[in-house]
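For reference, chains read A, B, C, D, E and F in written order, and residue numbers begin at 1 within each chain.
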(Lines give C-alpha, C1' and ligand atoms only; values in the text may rest on other atoms or scores of the structure.)
Protein backbone atom coordinates (compact mmCIF):
# COMPACT_ATOMS: atom_id res chain seq x y z
CA UNK A 1 0.00 0.00 0.00
CA UNK A 2 1.12 3.51 -0.78
CA UNK A 3 0.78 4.55 2.86
CA UNK A 4 2.45 1.57 4.50
CA UNK A 5 5.03 4.02 5.83
CA UNK A 6 2.39 5.61 8.03
CA UNK A 7 2.46 2.90 10.72
CA UNK A 8 4.85 0.84 12.80
CA UNK A 9 4.79 -2.70 11.40
CA UNK A 10 7.03 -4.17 14.13
CA UNK A 11 4.14 -3.94 16.58
CA UNK A 12 2.37 -7.30 16.20
CA UNK A 13 -1.09 -5.85 16.95
CA UNK A 14 -0.43 -3.23 14.29
CA UNK A 15 0.72 -5.82 11.79
CA UNK A 16 -2.43 -7.89 12.40
CA UNK A 17 -4.61 -4.81 11.98
CA UNK A 18 -2.88 -3.82 8.75
CA UNK A 19 -3.33 -7.32 7.40
CA UNK A 20 -7.06 -7.26 8.20
CA UNK A 21 -7.41 -3.85 6.59
CA UNK A 22 -5.55 -4.97 3.49
CA UNK A 23 -7.83 -7.98 3.06
CA UNK A 24 -10.92 -5.81 3.54
CA UNK A 25 -9.55 -3.21 1.11
CA UNK A 26 -8.77 -5.85 -1.51
CA UNK A 27 -12.33 -7.18 -1.28
CA UNK A 28 -13.73 -3.68 -1.53
CA UNK A 29 -11.51 -2.97 -4.55
CA UNK A 30 -12.66 -6.15 -6.28
CA UNK A 31 -16.36 -5.46 -5.77
CA UNK A 32 -16.08 -1.79 -6.69
CA UNK A 33 -14.10 -2.62 -9.81
CA UNK A 34 -16.77 -5.02 -11.05
CA UNK A 35 -19.48 -2.37 -10.68
CA UNK A 36 -17.30 0.37 -12.14
CA UNK A 37 -16.45 -1.64 -15.27
CA UNK A 38 -19.87 -3.27 -15.63
CA UNK A 39 -21.48 0.15 -16.04
CA UNK A 40 -19.75 1.30 -19.23
CA UNK A 41 -19.03 -2.17 -20.67
CA UNK A 42 -22.36 -3.99 -20.40
CA UNK A 43 -25.18 -2.09 -22.01
CA UNK A 44 -27.49 -4.57 -23.67
CA UNK A 45 -29.58 -7.29 -22.09
CA UNK A 46 -30.75 -9.15 -25.16
CA UNK A 47 -28.89 -12.22 -23.91
CA UNK A 48 -27.95 -13.68 -20.50
CA UNK A 49 -24.29 -14.03 -21.34
CA UNK A 50 -21.43 -11.65 -21.91
CA UNK A 51 -20.36 -11.46 -25.54
CA UNK A 52 -16.68 -11.30 -26.51
CA UNK A 53 -16.75 -7.53 -26.93
CA UNK A 54 -18.10 -7.03 -23.41
CA UNK A 55 -15.52 -9.44 -22.00
CA UNK A 56 -12.69 -7.58 -23.71
CA UNK A 57 -14.04 -4.27 -22.44
CA UNK A 58 -14.20 -5.54 -18.84
CA UNK A 59 -10.65 -6.84 -19.03
CA UNK A 60 -9.22 -3.61 -20.44
CA UNK A 61 -11.17 -1.58 -17.91
CA UNK A 62 -9.80 -3.60 -14.98
CA UNK A 63 -6.25 -3.46 -16.33
CA UNK A 64 -6.40 0.27 -16.91
CA UNK A 65 -7.84 0.86 -13.46
CA UNK A 66 -5.12 -1.14 -11.72
CA UNK A 67 -2.38 0.57 -13.70
CA UNK A 68 -3.87 3.94 -12.85
CA UNK A 69 -4.05 2.94 -9.16
CA UNK A 70 -0.39 2.01 -9.18
CA UNK A 71 0.66 5.19 -10.94
CA UNK A 72 -1.46 7.40 -8.68
CA UNK A 73 -0.11 5.50 -5.67
CA UNK A 74 3.44 6.47 -6.63
CA UNK A 75 2.49 10.15 -6.78
CA UNK A 76 0.57 9.80 -3.52
CA UNK A 77 3.56 8.28 -1.72
CA UNK A 78 5.95 10.96 -3.03
CA UNK A 79 3.71 13.85 -2.13
CA UNK A 80 2.64 12.67 1.32
CA UNK A 81 6.29 11.94 2.10
CA UNK A 82 7.18 15.50 1.12
CA UNK A 83 4.49 16.88 3.43
CA UNK A 84 5.69 14.90 6.44
CA UNK A 85 9.39 14.91 5.52
CA UNK A 86 11.15 17.35 7.89
CA UNK A 87 10.73 15.27 11.02
CA UNK B 1 -30.56 -13.11 2.68
CA UNK B 2 -29.54 -14.65 -0.59
CA UNK B 3 -26.20 -15.78 0.82
CA UNK B 4 -27.41 -17.20 4.12
CA UNK B 5 -26.06 -20.56 2.91
CA UNK B 6 -22.52 -19.20 3.12
CA UNK B 7 -22.20 -19.56 6.91
CA UNK B 8 -22.83 -22.01 9.73
CA UNK B 9 -25.84 -20.72 11.68
CA UNK B 10 -25.58 -23.37 14.43
CA UNK B 11 -22.57 -21.56 15.86
CA UNK B 12 -24.09 -19.07 18.36
CA UNK B 13 -21.35 -16.46 17.77
CA UNK B 14 -22.00 -16.76 14.05
CA UNK B 15 -25.75 -16.42 14.53
CA UNK B 16 -25.26 -13.30 16.65
CA UNK B 17 -22.94 -11.81 14.02
CA UNK B 18 -25.37 -12.54 11.22
CA UNK B 19 -28.17 -10.92 13.15
CA UNK B 20 -26.09 -7.77 13.72
CA UNK B 21 -25.14 -7.67 10.07
CA UNK B 22 -28.74 -8.08 8.97
CA UNK B 23 -29.88 -5.19 11.17
CA UNK B 24 -27.05 -3.01 9.86
CA UNK B 25 -27.84 -4.02 6.28
CA UNK B 26 -31.54 -3.28 6.73
CA UNK B 27 -30.73 0.20 8.04
CA UNK B 28 -28.34 0.80 5.16
CA UNK B 29 -30.97 -0.38 2.68
CA UNK B 30 -33.58 1.95 4.16
CA UNK B 31 -31.34 5.02 4.07
CA UNK B 32 -30.00 4.26 0.60
CA UNK B 33 -33.50 3.67 -0.73
CA UNK B 34 -34.70 7.06 0.49
CA UNK B 35 -31.84 8.85 -1.29
CA UNK B 36 -32.17 6.72 -4.42
CA UNK B 37 -35.90 7.43 -4.78
CA UNK B 38 -35.75 11.04 -3.61
CA UNK B 39 -33.43 11.92 -6.48
CA UNK B 40 -35.74 11.15 -9.42
CA UNK B 41 -39.05 11.72 -7.59
CA UNK B 42 -38.58 15.08 -5.87
CA UNK B 43 -37.51 17.80 -8.25
CA UNK B 44 -39.23 21.01 -7.23
CA UNK B 45 -38.83 22.99 -4.03
CA UNK B 46 -41.63 25.50 -4.40
CA UNK B 47 -43.24 24.03 -1.29
CA UNK B 48 -42.02 22.35 1.92
CA UNK B 49 -44.27 19.36 1.54
CA UNK B 50 -44.44 16.40 -0.80
CA UNK B 51 -47.35 16.60 -3.23
CA UNK B 52 -49.40 13.52 -4.07
CA UNK B 53 -47.51 12.88 -7.30
CA UNK B 54 -44.18 12.84 -5.48
CA UNK B 55 -45.57 10.53 -2.81
CA UNK B 56 -46.85 8.11 -5.44
CA UNK B 57 -43.50 8.21 -7.22
CA UNK B 58 -41.60 7.43 -4.00
CA UNK B 59 -43.89 4.52 -3.21
CA UNK B 60 -43.61 2.98 -6.68
CA UNK B 61 -39.85 3.48 -6.66
CA UNK B 62 -39.47 1.68 -3.32
CA UNK B 63 -41.77 -1.16 -4.39
CA UNK B 64 -39.97 -1.63 -7.67
CA UNK B 65 -36.59 -1.59 -5.96
CA UNK B 66 -37.57 -4.24 -3.43
CA UNK B 67 -39.08 -6.47 -6.09
CA UNK B 68 -35.94 -6.11 -8.17
CA UNK B 69 -33.81 -6.97 -5.10
CA UNK B 70 -35.83 -10.13 -4.52
CA UNK B 71 -35.65 -11.19 -8.16
CA UNK B 72 -31.93 -10.46 -8.41
CA UNK B 73 -31.41 -12.32 -5.12
CA UNK B 74 -32.95 -15.46 -6.63
CA UNK B 75 -30.57 -15.35 -9.57
CA UNK B 76 -27.67 -14.58 -7.20
CA UNK B 77 -28.44 -17.60 -5.03
CA UNK B 78 -28.78 -19.94 -8.03
CA UNK B 79 -25.57 -18.81 -9.68
CA UNK B 80 -23.37 -18.72 -6.57
CA UNK B 81 -24.68 -22.18 -5.67
CA UNK B 82 -23.69 -23.43 -9.12
CA UNK B 83 -20.17 -22.02 -8.70
CA UNK B 84 -19.63 -23.72 -5.34
CA UNK B 85 -21.75 -26.81 -6.09
CA UNK B 86 -19.39 -29.76 -6.61
CA UNK B 87 -18.33 -30.09 -2.98
CA UNK C 1 -24.02 16.90 15.81
CA UNK C 2 -27.65 17.40 14.96
CA UNK C 3 -28.65 14.13 16.61
CA UNK C 4 -26.62 14.44 19.79
CA UNK C 5 -29.92 14.34 21.66
CA UNK C 6 -30.42 10.73 20.60
CA UNK C 7 -28.06 9.25 23.20
CA UNK C 8 -27.20 9.41 26.89
CA UNK C 9 -23.87 11.25 27.19
CA UNK C 10 -23.53 10.68 30.94
CA UNK C 11 -22.67 7.05 30.29
CA UNK C 12 -18.86 7.06 29.90
CA UNK C 13 -18.86 4.19 27.40
CA UNK C 14 -21.43 6.09 25.37
CA UNK C 15 -19.40 9.29 25.53
CA UNK C 16 -16.29 7.44 24.33
CA UNK C 17 -18.23 5.85 21.49
CA UNK C 18 -19.71 9.19 20.41
CA UNK C 19 -16.27 10.76 20.44
CA UNK C 20 -14.87 7.97 18.25
CA UNK C 21 -17.80 8.28 15.86
CA UNK C 22 -17.39 12.05 15.64
CA UNK C 23 -13.72 11.73 14.76
CA UNK C 24 -14.52 9.08 12.12
CA UNK C 25 -17.35 11.23 10.76
CA UNK C 26 -15.14 14.32 10.56
CA UNK C 27 -12.52 12.37 8.61
CA UNK C 28 -15.18 11.00 6.28
CA UNK C 29 -16.59 14.50 5.78
CA UNK C 30 -13.16 15.90 4.95
CA UNK C 31 -12.34 13.19 2.39
CA UNK C 32 -15.79 13.30 0.81
CA UNK C 33 -15.69 17.07 0.58
CA UNK C 34 -12.39 17.03 -1.30
CA UNK C 35 -13.77 14.60 -3.90
CA UNK C 36 -17.09 16.41 -4.14
CA UNK C 37 -15.47 19.79 -4.78
CA UNK C 38 -12.60 18.49 -6.91
CA UNK C 39 -15.07 17.12 -9.45
CA UNK C 40 -16.71 20.39 -10.55
CA UNK C 41 -13.76 22.68 -9.76
CA UNK C 42 -10.78 20.95 -11.39
CA UNK C 43 -11.35 20.18 -15.01
CA UNK C 44 -8.08 20.70 -16.87
CA UNK C 45 -4.82 18.83 -16.48
CA UNK C 46 -2.55 20.99 -18.57
CA UNK C 47 -0.51 21.73 -15.45
CA UNK C 48 0.34 19.93 -12.19
CA UNK C 49 -0.77 22.76 -9.99
CA UNK C 50 -4.07 24.35 -9.08
CA UNK C 51 -4.54 27.79 -10.62
CA UNK C 52 -6.12 30.62 -8.64
CA UNK C 53 -9.54 30.10 -10.20
CA UNK C 54 -9.58 26.43 -9.17
CA UNK C 55 -8.44 27.34 -5.65
CA UNK C 56 -11.21 29.90 -5.31
CA UNK C 57 -13.76 27.40 -6.60
CA UNK C 58 -12.65 24.76 -4.07
CA UNK C 59 -12.86 27.24 -1.22
CA UNK C 60 -16.34 28.46 -2.14
CA UNK C 61 -17.53 24.90 -2.67
CA UNK C 62 -16.33 23.83 0.80
CA UNK C 63 -17.82 26.91 2.45
CA UNK C 64 -21.16 26.46 0.75
CA UNK C 65 -21.24 22.79 1.64
CA UNK C 66 -20.56 23.43 5.31
CA UNK C 67 -23.15 26.18 5.48
CA UNK C 68 -25.68 23.92 3.81
CA UNK C 69 -24.81 21.14 6.30
CA UNK C 70 -25.42 23.46 9.20
CA UNK C 71 -28.70 24.75 7.82
CA UNK C 72 -29.95 21.27 6.96
CA UNK C 73 -28.86 20.09 10.42
CA UNK C 74 -31.13 22.70 12.03
CA UNK C 75 -34.12 21.47 10.03
CA UNK C 76 -33.13 17.87 10.79
CA UNK C 77 -32.99 18.51 14.54
CA UNK C 78 -36.36 20.34 14.55
CA UNK C 79 -38.15 17.69 12.54
CA UNK C 80 -36.76 14.62 14.30
CA UNK C 81 -37.57 16.27 17.64
CA UNK C 82 -41.14 16.78 16.48
CA UNK C 83 -41.42 13.11 15.51
CA UNK C 84 -40.20 11.89 18.90
CA UNK C 85 -41.66 14.76 20.95
CA UNK C 86 -44.60 13.35 22.98
CA UNK C 87 -42.50 11.34 25.41
CA UNK D 1 -26.43 -5.38 39.78
CA UNK D 2 -23.82 -8.00 38.89
CA UNK D 3 -23.75 -8.58 35.19
CA UNK D 4 -24.75 -4.96 34.70
CA UNK D 5 -21.65 -4.47 32.58
CA UNK D 6 -22.94 -6.91 30.02
CA UNK D 7 -26.37 -5.25 29.94
CA UNK D 8 -24.78 -1.85 29.52
CA UNK D 9 -22.57 -3.19 26.73
CA UNK D 10 -25.60 -4.36 24.77
CA UNK D 11 -27.27 -1.04 25.36
CA UNK D 12 -24.23 0.91 24.13
CA UNK D 13 -24.14 -1.14 20.95
CA UNK D 14 -27.85 -0.65 20.29
CA UNK D 15 -27.49 3.09 20.81
CA UNK D 16 -24.41 3.15 18.59
CA UNK D 17 -26.37 1.48 15.83
CA UNK D 18 -29.22 3.97 16.22
CA UNK D 19 -26.76 6.85 16.13
CA UNK D 20 -25.15 5.45 12.99
CA UNK D 21 -28.60 5.26 11.42
CA UNK D 22 -29.31 8.93 12.13
CA UNK D 23 -25.86 9.99 10.96
CA UNK D 24 -26.31 8.13 7.70
CA UNK D 25 -29.78 9.62 7.24
CA UNK D 26 -28.43 13.12 7.86
CA UNK D 27 -25.46 12.60 5.54
CA UNK D 28 -27.70 11.38 2.74
CA UNK D 29 -29.98 14.38 3.25
CA UNK D 30 -27.07 16.80 2.98
CA UNK D 31 -25.80 15.06 -0.17
CA UNK D 32 -29.16 15.15 -1.91
CA UNK D 33 -29.93 18.74 -0.97
CA UNK D 34 -26.49 19.92 -2.08
CA UNK D 35 -27.16 18.23 -5.41
CA UNK D 36 -30.67 19.68 -5.75
CA UNK D 37 -30.11 23.23 -4.44
CA UNK D 38 -26.57 24.28 -5.32
CA UNK D 39 -25.57 24.97 -8.94
CA UNK D 40 -21.98 23.84 -9.56
CA UNK D 41 -20.86 27.30 -10.60
CA UNK D 42 -20.02 28.47 -7.09
CA UNK D 43 -20.32 32.26 -7.24
CA UNK D 44 -19.79 32.85 -3.52
CA UNK D 45 -19.08 30.95 -0.28
CA UNK D 46 -22.38 31.90 1.34
CA UNK D 47 -25.78 30.45 0.64
CA UNK D 48 -27.83 33.06 -1.21
CA UNK D 49 -31.52 33.63 -0.45
CA UNK D 50 -32.79 31.21 -3.09
CA UNK D 51 -30.40 28.47 -1.97
CA UNK D 52 -31.34 28.95 1.68
CA UNK D 53 -35.04 28.56 0.96
CA UNK D 54 -34.33 25.56 -1.23
CA UNK D 55 -32.27 23.85 1.52
CA UNK D 56 -35.00 24.42 4.12
CA UNK D 57 -37.65 22.89 1.91
CA UNK D 58 -35.39 20.13 0.65
CA UNK D 59 -34.53 19.04 4.21
CA UNK D 60 -38.18 18.86 5.21
CA UNK D 61 -39.22 17.06 2.04
CA UNK D 62 -36.36 14.60 2.48
CA UNK D 63 -37.58 13.72 5.96
CA UNK D 64 -41.13 13.33 4.65
CA UNK D 65 -39.77 11.00 1.98
CA UNK D 66 -38.04 9.06 4.75
CA UNK D 67 -41.34 8.57 6.54
CA UNK D 68 -43.15 7.67 3.31
CA UNK D 69 -40.60 5.05 2.35
CA UNK D 70 -40.54 3.63 5.88
CA UNK D 71 -44.31 3.14 5.64
CA UNK D 72 -43.95 1.49 2.23
CA UNK D 73 -41.31 -0.93 3.55
CA UNK D 74 -43.52 -1.85 6.47
CA UNK D 75 -46.57 -2.39 4.27
CA UNK D 76 -44.57 -4.64 1.95
CA UNK D 77 -43.10 -6.62 4.85
CA UNK D 78 -46.56 -7.35 6.14
CA UNK D 79 -47.91 -8.17 2.70
CA UNK D 80 -45.29 -10.87 2.17
CA UNK E 1 -9.93 -28.51 23.18
CA UNK E 2 -8.65 -25.71 25.38
CA UNK E 3 -7.94 -22.69 23.30
CA UNK E 4 -10.83 -23.62 21.07
CA UNK E 5 -12.41 -20.25 21.87
CA UNK E 6 -9.59 -18.45 20.14
CA UNK E 7 -9.75 -20.72 17.10
CA UNK E 8 -13.50 -20.21 16.86
CA UNK E 9 -13.04 -16.44 17.15
CA UNK E 10 -10.71 -16.40 14.15
CA UNK E 11 -13.15 -18.56 12.24
CA UNK E 12 -16.08 -16.27 13.01
CA UNK E 13 -14.12 -13.27 11.79
CA UNK E 14 -13.10 -14.99 8.58
CA UNK E 15 -16.69 -16.01 7.92
CA UNK E 16 -17.90 -12.50 8.73
CA UNK E 17 -15.48 -11.09 6.19
CA UNK E 18 -16.67 -13.58 3.57
CA UNK E 19 -20.27 -12.73 4.31
CA UNK E 20 -19.52 -9.02 3.99
CA UNK E 21 -17.93 -9.72 0.63
CA UNK E 22 -21.04 -11.50 -0.66
CA UNK E 23 -23.33 -8.82 0.74
CA UNK E 24 -21.34 -6.09 -0.97
CA UNK E 25 -21.32 -8.06 -4.25
CA UNK E 26 -25.09 -8.54 -4.05
CA UNK E 27 -25.71 -4.89 -3.17
CA UNK E 28 -23.60 -3.70 -6.09
CA UNK E 29 -25.46 -6.07 -8.41
CA UNK E 30 -28.83 -4.72 -7.30
CA UNK E 31 -27.62 -1.13 -7.74
CA UNK E 32 -26.30 -1.70 -11.25
CA UNK E 33 -29.33 -3.67 -12.42
CA UNK E 34 -31.74 -1.07 -11.04
CA UNK E 35 -29.81 1.55 -13.01
CA UNK E 36 -29.74 -0.54 -16.20
CA UNK E 37 -33.25 -2.01 -16.17
CA UNK E 38 -35.60 0.50 -14.55
CA UNK E 39 -36.48 3.78 -16.29
CA UNK E 40 -36.84 6.58 -13.72
CA UNK E 41 -40.42 7.28 -14.71
CA UNK E 42 -41.96 4.74 -12.34
CA UNK E 43 -45.30 3.85 -13.91
CA UNK E 44 -46.21 1.11 -11.45
CA UNK E 45 -44.86 -0.61 -8.33
CA UNK E 46 -44.48 -4.00 -9.99
CA UNK E 47 -41.77 -5.08 -12.38
CA UNK E 48 -43.29 -5.38 -15.85
CA UNK E 49 -42.37 -8.23 -18.21
CA UNK E 50 -39.55 -6.34 -19.92
CA UNK E 51 -38.04 -5.26 -16.62
CA UNK E 52 -38.23 -8.78 -15.20
CA UNK E 53 -36.38 -10.26 -18.17
CA UNK E 54 -33.83 -7.47 -18.00
CA UNK E 55 -33.17 -8.08 -14.28
CA UNK E 56 -32.70 -11.82 -14.81
CA UNK E 57 -30.17 -11.26 -17.57
CA UNK E 58 -28.49 -8.37 -15.79
CA UNK E 59 -27.95 -10.45 -12.63
CA UNK E 60 -26.38 -13.31 -14.57
CA UNK E 61 -24.20 -11.00 -16.66
CA UNK E 62 -23.09 -9.18 -13.52
CA UNK E 63 -21.92 -12.44 -11.96
CA UNK E 64 -20.11 -13.36 -15.17
CA UNK E 65 -18.42 -9.97 -15.07
CA UNK E 66 -17.42 -10.73 -11.48
CA UNK E 67 -15.74 -13.94 -12.57
CA UNK E 68 -14.08 -12.25 -15.56
CA UNK E 69 -12.64 -9.45 -13.45
CA UNK E 70 -11.51 -11.87 -10.76
CA UNK E 71 -9.57 -13.76 -13.41
CA UNK E 72 -8.05 -10.51 -14.72
CA UNK E 73 -6.93 -9.50 -11.23
CA UNK E 74 -5.32 -12.89 -10.71
CA UNK E 75 -3.52 -12.78 -14.05
CA UNK E 76 -2.16 -9.32 -13.29
CA UNK E 77 -1.05 -10.35 -9.80
CA UNK E 78 0.96 -13.20 -11.26
CA UNK E 79 2.36 -11.08 -14.06
CA UNK E 80 3.86 -8.61 -11.59
CA UNK F 1 5.39 -0.63 32.39
CA UNK F 2 2.33 -2.32 33.79
CA UNK F 3 -0.73 -1.09 32.00
CA UNK F 4 1.32 -0.78 28.84
CA UNK F 5 -1.17 -3.05 27.10
CA UNK F 6 -3.91 -0.46 27.49
CA UNK F 7 -1.67 2.33 26.22
CA UNK F 8 -0.67 0.26 23.24
CA UNK F 9 -4.32 -0.55 22.50
CA UNK F 10 -5.19 3.14 22.32
CA UNK F 11 -2.20 3.73 20.11
CA UNK F 12 -3.16 0.93 17.73
CA UNK F 13 -6.67 2.36 17.39
CA UNK F 14 -5.38 5.85 16.71
CA UNK F 15 -3.00 4.54 14.07
CA UNK F 16 -5.77 2.42 12.57
CA UNK F 17 -7.93 5.51 12.24
CA UNK F 18 -5.09 7.43 10.61
CA UNK F 19 -4.47 4.59 8.22
CA UNK F 20 -8.16 4.45 7.32
CA UNK F 21 -8.04 8.19 6.63
CA UNK F 22 -5.13 7.79 4.20
CA UNK F 23 -6.73 4.79 2.53
CA UNK F 24 -9.96 6.69 1.99
CA UNK F 25 -8.05 9.71 0.66
CA UNK F 26 -6.11 7.49 -1.76
CA UNK F 27 -9.26 5.65 -2.88
CA UNK F 28 -11.08 8.92 -3.56
CA UNK F 29 -8.07 10.18 -5.53
CA UNK F 30 -8.02 7.06 -7.71
CA UNK F 31 -11.79 7.33 -8.31
CA UNK F 32 -11.65 10.97 -9.33
CA UNK F 33 -8.60 10.59 -11.56
CA UNK F 34 -10.07 7.54 -13.30
CA UNK F 35 -13.17 9.64 -13.99
CA UNK F 36 -11.17 12.63 -15.22
CA UNK F 37 -8.42 10.92 -17.22
CA UNK F 38 -9.85 7.73 -18.73
CA UNK F 39 -12.43 7.88 -21.53
CA UNK F 40 -14.95 5.05 -21.15
CA UNK F 41 -14.15 3.60 -24.54
CA UNK F 42 -11.29 1.40 -23.34
CA UNK F 43 -9.09 0.89 -26.41
CA UNK F 44 -6.30 -0.97 -24.62
CA UNK F 45 -5.38 -2.27 -21.17
CA UNK F 46 -2.36 0.00 -20.79
CA UNK F 47 -2.37 3.67 -19.94
CA UNK F 48 -1.36 5.61 -23.06
CA UNK F 49 0.97 8.62 -22.91
CA UNK F 50 -1.81 11.18 -22.56
CA UNK F 51 -3.53 9.22 -19.82
CA UNK F 52 -0.28 8.76 -17.91
CA UNK F 53 0.45 12.47 -17.92
CA UNK F 54 -3.11 13.20 -16.93
CA UNK F 55 -2.95 10.79 -13.97
CA UNK F 56 0.31 12.29 -12.71
CA UNK F 57 -1.11 15.80 -12.79
CA UNK F 58 -4.48 14.75 -11.46
CA UNK F 59 -2.91 13.01 -8.44
CA UNK F 60 -0.85 16.06 -7.54
CA UNK F 61 -3.74 18.47 -8.05
CA UNK F 62 -5.97 16.23 -5.94
CA UNK F 63 -3.50 16.38 -3.06
CA UNK F 64 -3.27 20.16 -3.43
CA UNK F 65 -7.05 20.31 -3.28
CA UNK F 66 -6.88 18.24 -0.11
CA UNK F 67 -4.57 20.76 1.49
CA UNK F 68 -6.66 23.69 0.28
CA UNK F 69 -9.88 22.26 1.66
CA UNK F 70 -8.21 21.32 4.93
CA UNK F 71 -7.16 24.96 5.31
CA UNK F 72 -10.69 26.13 4.51
CA UNK F 73 -12.19 23.80 7.13
CA UNK F 74 -9.73 25.05 9.73
CA UNK F 75 -10.41 28.70 8.91
CA UNK F 76 -14.15 28.15 9.22
CA UNK F 77 -13.80 26.25 12.49
CA UNK F 78 -11.91 29.16 13.99
CA UNK F 79 -14.33 31.73 12.59
CA UNK F 80 -17.28 30.09 14.34
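Operating definition for what follows: a residue touches a chain if its C-beta (ideal position, glycine included) is under 8 Å from a C-beta of that chain, and two chains touch if they have at least 3 such contacts.
In this text the structure is predicted, and so the values were computed from the model without any measurement.
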item: Shortest chain-hopping distance from chain C out to chain D; value: 1
item: Chain whose Cα centroid lies at the greatest distance from that of chain C; value: E
item: Per Cα centroids, the chain farthest from chain F; value: B
item: CA centroid of chain B to CA centroid of chain C, Å; value: 26
item: For chain B paired with chain D, centre-to-centre distance based on mean C-alpha positions, whole Å; value: 17
item: Centre-of-Cα separation between chain E and chain C, whole angstrom; value: 30
item: Per-residue overlap in chain F, given as positions that touch at least 2 other chains; value: 20, 37, 56, 58, 60
item: Chain B: positions in contact with at least two other chains; value: 41, 59, 63
item: Overall pattern in which the protein chains touch one another (line/ring/star/complete/other); value: ring
item: Running round the ring (origin chain C, first step to chain F), the chains in order; value: C, F, A, E, B, D
item: List of chain A residues in touch with chain F within their complex; value: 1-3, 6-8, 11, 13-14, 17-18, 21, 25, 36, 40-41, 57, 59-61, 63-65, 67-69, 71-73, 75-76, 79-80, 83
item: Of chain E, residues touching chain B in the complex; value: 8-9, 12, 15-16, 18-20, 22-23, 26, 29-30, 33-34, 37-38, 40, 42-47, 51-52, 55-56, 58-60, 63, 67
item: Interface residues, chain F side, partner chain C - complex; value: 17, 20-21, 24-25, 28, 31-32, 35-37, 53-54, 56-58, 60-62, 64-66, 68-70, 72-73, 76
item: Partner chain E, residues of chain A touching it in the complex; value: 23-24, 27-28, 30-35, 37-39, 41-43, 45-50, 54-55, 58-59, 62-63, 66
